[in-house]
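Chain lettering (A, B, C and D) follows the sequence in which the chains are written, and residue indices restart at 1 in each chain.
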Amino acid sequence: MARTDLNTRTGADSVIRFILGRLVKAVFILLAILVFNFLLIHAAPGDPAAVMAGEAGAADEKFLADLRTRFGLDQPLYVQLFIYIKGAVQFDLGYSFRQQMSVAEMIGDRLPATLLLTGVAFVLSLVLGVAAGVAASARQGRWGDTIISTFALLFYATPLFWVALMATLVFSVWLGWLPGFGYSTIGANYTGMAHVLDVAKHLVLPASTLGLFFMAIYMRMTRASMLEVSRLDFVKTARAKGLKRGVIQRRHILRNALLPVITLAGLQAGQIFGGAILTETVFAWPGIGRLMFEAINQRDYNVILGVFYISAAMVLLFNLITDVVYVIVDPRIRLTT
Amino acid sequence: MKNFWRRFSYNRGAVIGLFILTLVILTAILAPFVFPQSPWKMVQRPFLPPFTDNALLLGTDALGRNVISGLAHGAYVSLLVGLVSTIVALAIGVPIGALAGYFAGRTDDALMRFTEFFQTIPSFALAIVLLAIFQPSLMFVIIAISIVSWPPVARLVRGEVLSLRTREFVEAATLSGLGNTQIIMRHILPNALPPIIVLASLMVAQAILLESSLSFLGLGDPNIMSWGYMIGAARTVIRTAWWLSFLPGMAILLTVLSLNLIGEGLNDALNPRLTRKTQ
Amino acid sequence: MTLLSIRDLAIALPVGADRIYAAQNINFDLAAGEILCIVGESGSGKSMSANAVMGLLPEGVKPVKGNITFDGREILGLSEAEMLPLRGGRISMIFQEPLSALNPLMRVGAQIAEVFEAHGALSKSERRDRALKLLEEVGIPDPQAAIRAYPFQLSGGQRQRVMIAMALALEPDILIADEPTTALDVTTQAQILKLIEDLRKSRGMAVIFITHDFGVVADIADRVIVMQKGEIVETGTADEVLLKPQHAYTRALIDAIPRLVQRVDTEADQGKPLLTVENLEKTFSTGAGSLFGKRRVVKAVQNVSFELFAGETIGIVGESGSGKSTVGRCIVRLLDPDAGRVLMDGVDISHLAGAELRDQRRKLQMIFQDPYSSLNPRARVSRILTEGLIAFGTSKDAAHAKACELLEMVGLDASAMKRFPHEFSGGQRQRIGIARALALDPSIIIADEAVSALDVSIQAQVLDLLAELKTRLNLSMLFITHDLRVAARICDRIIVMQKGKIVEAGPVSKVLHDPDSAYTRSLLDAIPGQEYERALALAEAEV
Amino acid sequence: MLKPINLIASAMLALALASPLAAQDGTPKSGGTLNVVIQPEPPSLMLGLVQNGPTQMVGGDIYESLLRYDSELQPEGQLAESWEISEDGITYTFKLREGVKFHDGTPFTSADVEFSMDKFLRESHSRMRTYMEHVESIETPDDLTVIFKLKQPFGPFIGIFEPGTAPMIPKHIYEGTDFASNPANNTPIGTGPFKFDKWEKGSFIHLVKNEDYYMEGKPYIDDVYYHVIPDAASRAVAYETGKVDVLPGGSVENFDVPRMQAMENTCITDKGWEYFGPLSWMWVNSDNKPLDDVKVRSAIMHAVDREFAKNALWNGLGKVATGPFSSSTRFWDGDTPDITFDPEKAKALLAESSYNGEKIRILGLPYGETWQRWAEAVKQNLSEIGMDAEIVPSDVAGWNQKISDRDFDLAFTYLYQYGDPALGVSRTYMGSNAAPGSPWNNVSNYQNPETDKLFDEAALMANPEDRKAAYKAVQDLIVADVPNIWMLELGFPTIYRCDIKNPVNTAFGVNDGFRDVWIDRD
């Protein structure tokens, strides 16, 4: 395809080409994940029919048998896998044995809650992390640095679920400031702004617990990166130009120091979902993290696979976004690929 | 080695971390002697508050078991899981990283796609599924943790090996007739050691957190008294006896914090370019 | 009228450094429009005093005595806030590494405009026009494109010009240039020196020029200060210091300067060539890999052929990017050539592999450029020297004995065996590198910029060592360098390369004094300090 | 032996149901919303298809059956106004109530009863399928009469007409369709006091008042919210912060019960489980050596400290089991052979037995912390008498798998007895019901032809006195054999705000719908 010289110079089309390349790679990874998960889950002892029967209070052989035929568990494994992948491609993630509902619908119901929780937690952790990192690097070696670093480390070193428990105990039960669980006050069916406020109130504890946990990671990376960049030559040039300390810090050091933080954010995407499973379980947040954990206990295969598929897709999308941000921010990559 | 300690001790946090860690290790070693009875033994009525009975310093849990004995035995388990799973993760990650870094081209691509594949799946969810499949026992907990924690090692080692591979002393070694394995083992890996050591200390911390989260969700080994188990067991009685969750939580916090602080101290000590370079 | 005067300034290093003062008893003046050169080897503290003037000393390094008065005002003790208007406004500074001296994420225009903004001068649009005019003044081709470009899109020389443009923005009285041309090629260096010379005339600006190259000093300096280990050993006008040096140290430095002087040609016995290189080709492709990425191909080596005879030393000379190192690396197969043949005693090693390559390669060893990266920091000298021998089957003790012998040969005592590389100076490490290269009794040594990272005085010693070893062990050598003066000192024949091709080849006297190609002539003319060399030769002839 | 623990003197005893059962005091007020916790979230609300606990609780409001049963399991009218059983116990005639309509307005007639019992439940409700084998024919002479003819007298038949076992299904919606995938399953239609309104998965189920319910002025309250809260601690928080009014049995960890019970305006009752009579025991896998030796089994029986478990784990609620029958089940008899806690006797028995150090694998029940602690307590009890035990980890699916494959030594469980030994007890000990594959069969594979014969005869005896004598003999025989280690009759406390009037007034507790509930709040 003929490319005018000017176009490449602006680098717009190289960013698009970059995204196309990453999308193709993402599809391959998703497919690999599907096959990997499918085999992994089927290796698990026990099968959903037994679970369903267990729940129904009483069952005999006939009941179990027709359950298995109904859910196609009697067909050979590769046939089930083929059916599954064909379905997954058209976003039909199969049927949940346990909840008598299509998995895509179930995940669809609960995905917004998880996106809200992980999204807010991510932004919180990134903003606080970078701010703390910058503050700590500015006071390197002095007590300010040690205090901020140790404080951030505190959150990174504490088990997420324990912080969640203590937060519920202190803020919800003892002080009663915040609701300790759930997505919104049930039965109060607020509308419009009231509803948003109500959800926000419920969101405070889980999002801050999850967010503060990841803040430490960004804080440490920003601090190290700021110190690293402040030693580079162009910072000395900037000082020689008579720029004020603050301008150098913001315009020169921080912008360069953020590059590794962006890559790190991409890598952390997978972890934040893991954290969501814990947070959602303790705070009864109706997200796909909790759905995943319940599904694993009940061996609800299609739900487990569905959540894996969606969470992997979420992580890949997230990586793509961070990569694109990185390419836009760093002209050296944008104009050379 | 002398100035290694000078640079390490320059970081106040690291010294504190080291002190706490030695305390924890001592507790783990002395536990079988100080508390010979099994921590599962029901010795008193349940929910005995701490510091009310001098024989049971920290009181009893929901089944009347000695809390402090549980904490001591728990220390051993957490450190064991943390250490062994990190070693296994290193054993997987370092070779993959080294091979990918040294033999660039197709091998690098293949190994890195494999690593990236693992890193895309949310590692905690994968650990849960692995344990659900293999029925949680201490060995499988360790295997599950190491399977989800080797990718960062592979990425780090690959980066280090890539940069070391083009260094002149490696080229000189090639010219003097050393084989690839000799070059990797004697020239490249020893110089890639500092960042690996730093990462290892952080991985032990992460492994302990992961183990406690898994036991909290009931996926730990039911016959093993670990800190995660204690928090999980005490979770439902958090209002009647909040200290049953608080104490093991603090134990995990201190251990993991000390490991992180030591990690930072090692980082300052091992790669001097971070500390001030004199003209 | 003295613009700047420094009276017994002393700058202390942080505790634990190798000496107490970075620089002490520093006294000198700088008049308006005058170019003062401060010359000295690395670690002599020459840039410390300049940094002190600007208040840009690294962390932990503090001036402890003396004072600096600029334009009648004491500026040493000024607070950061008070120093700001001076920096960039009245005194500006440019540095050594052009590649990393500009913020990679900001366009060039913005970085220049920033200087005006910092000092509250001009409106936004006016700043852009001034930036354009400045870029023209410093000789940047196509200023319109340059102003929107990012630093990585410009060459080293262009970036240095941008630095100078920034320094000139607010018409400062003094420009401090801390080794501005050291990292540049000799032709670009000549242009930058000329630019600084013209600016001094057109703007009447005073310049403090810091360098370790006496040639540069000779071309540009009005007055000269020579420094050694933090002390000033000699001051005076350029002619006094350069032609009638009083201090022994200055004299030693001047003697060590490699000169373009003619070497007597030793007629190599023509016999059969030891090494024959026939139309060697090598191309690198960057930006490959991503499915849709367009591939950019660089032809590093194109159709290079030459012969090396026993006992002979060929110099391969060229600027950075000329492909001279690539040729060396292709010959020893650190890189795989795309085409062409490399014959050693009739055997073509360009496509050998495995054990055969290993054995052939034994006769070909290499000396590397960077003393700090050419030795494995975690290995003792004993292992570095014996590793190769043991790999080829020599017993441990025999290898050990040979290693001691080698240390002797390169002028280091046997006690060095047990020590680690970080316990040696740059020069000593280079000697260990040479010892290692000789361990396997090679017949050909390839020295890739073997002395460029060393100070001039040490450079001279190493070159002498190489010359002596060459004759003693009857070695033939391939000497790769960018510095024609160093090549002149040691080589019998010289090959000049440009952009991957050989543009000239011949005996050293012909190439240096009566070159055929215009490119070689431009290289020769660009070498600084040529009249000085002639003046020195005359002075020596008279005495 | 455990150190002399002054457990008994602890605060637990004070709990012993001091609070009076909220009698029918004061005149009922209508209006208000009832917030109830439901755990775990039911897979579906269609009571005909799914019969697990949560489904029965919500379904009990939507569906009704012909009868209701008071706490002594005596039947009362519901959809049936009156009923009579023939002398020979063969024909059961039910007179249906006039003018009853389904929630979608279609009238409820005997045709629906016949369709429900004969077609729908026989096909999709496994327990009903076994009961219906006793039925010869069902006749519907007119819209309001249904006559069942049995093959031979079957005493317990009168006890099956409760919503959990025999819910009345609307024929006009389900006839001729594939019951399992009928879309109506997501919007269940019944005759009960409340109609289905909305279900937000993972959050709540909302039922609203059935305006034209056939009983005047009932139900009193406007709507019911069933809150889905997965975490036990969060459920307690929900009650404490006033978001929820009723905590059905098992929804809060037992350790929290005393603390919650002490809260103001909080009442507690362990009534409402008589029909189910939940009894917990440990299956013993007598196929594995040395558990085939009766001495080993009775040693284990005497080693397990059930009084400690009752007080420490179940807050003193429930009773120590005396044998295979719950005390609330008909024909229960107290004086069975001695199985009390006696570690010394256990050690002696163990010494005589063929046990030599084999590791006993205990499979705990994966239903929350209390069961996990109980497994740990039993493991400790066994190690006190020198038996080496180990807990086998498992989740819901793993437990089912291990029980079906008989891959255990001791395995915790608890089952309902449905009021009558023929309905809930015989299935656990009948030799013929020992096929592996289901947790409700004779999992310990207890083979005793004598007890089998007694069970068969007792089920078909018409006169209650004869059945009582037969079941007394059965209990003595089984307890002597110790096929299972009986633990506790479980006391599932229902915690509720005192101003919620009579939430529990039948043998089914909260599963019987909130028809008579009213809220005494202004």
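As a convention for this text, contacts are C-beta pairs under 8 Å (C-beta built on N, C-alpha and C of every residue); 3 or more make two chains touch, one makes a residue touch a chain.
Remember, predicted model here, so these are calculated numbers, not experimental data.
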| item | value |
| --- | --- |
| More contacts between chains, A-C or B-C | A-C |
| Identity of the chain that, by mean CA position, is farthest from chain A | C |
| Between chain D and chain B, distance of the C-alpha-averaged centres to the nearest whole Å | 46 |
| Where chain A and chain B are represented by their mean Cα positions, the distance between them in whole Å | 23 |
| Per-residue overlap in chain B, given as positions that touch at least 2 other chains | 132, 135, 235, 238-239 |
| Interface hub residues of chain A, defined as touching at least two other chains | 44-45, 165, 168, 173, 281, 296-297, 299 |
| Chain D, residues touching no fewer than two other chains | 233, 240, 366, 395, 398 |
| Parts of chain B lying in touch with chain D, wherever the complex brings them together | 38, 40-47, 62-64, 132, 135-137, 218-219, 221-223, 232-233, 235-241 |
| For the chain C and chain B complex, residues of the former touching the latter | 13-14, 16-18, 22, 43, 48, 58-61, 332, 334, 358, 361-362, 364-366, 368-370, 373-379, 387-388, 391-392, 433, 436, 439-440 |
| List of chain A residues in touch with chain C within their complex | 8, 17-18, 20-21, 24, 232-234, 236-245, 247, 251-252, 255-256, 329-332, 335-337 |
| Chain A-touching residues of chain B, taken from the complex the two chains share | 12-13, 113, 116-117, 119-125, 128-130, 132-133, 135, 152, 205, 209, 212-213, 216-217, 228, 231, 235, 238-239, 242, 245-246, 249, 252-253, 256-257, 259-261, 264, 274 |
| Residue ranges of chain B touching chain C (in the complex, touch as defined) | 167-169, 171-179, 182, 186-187, 190-191, 276, 278-279 |
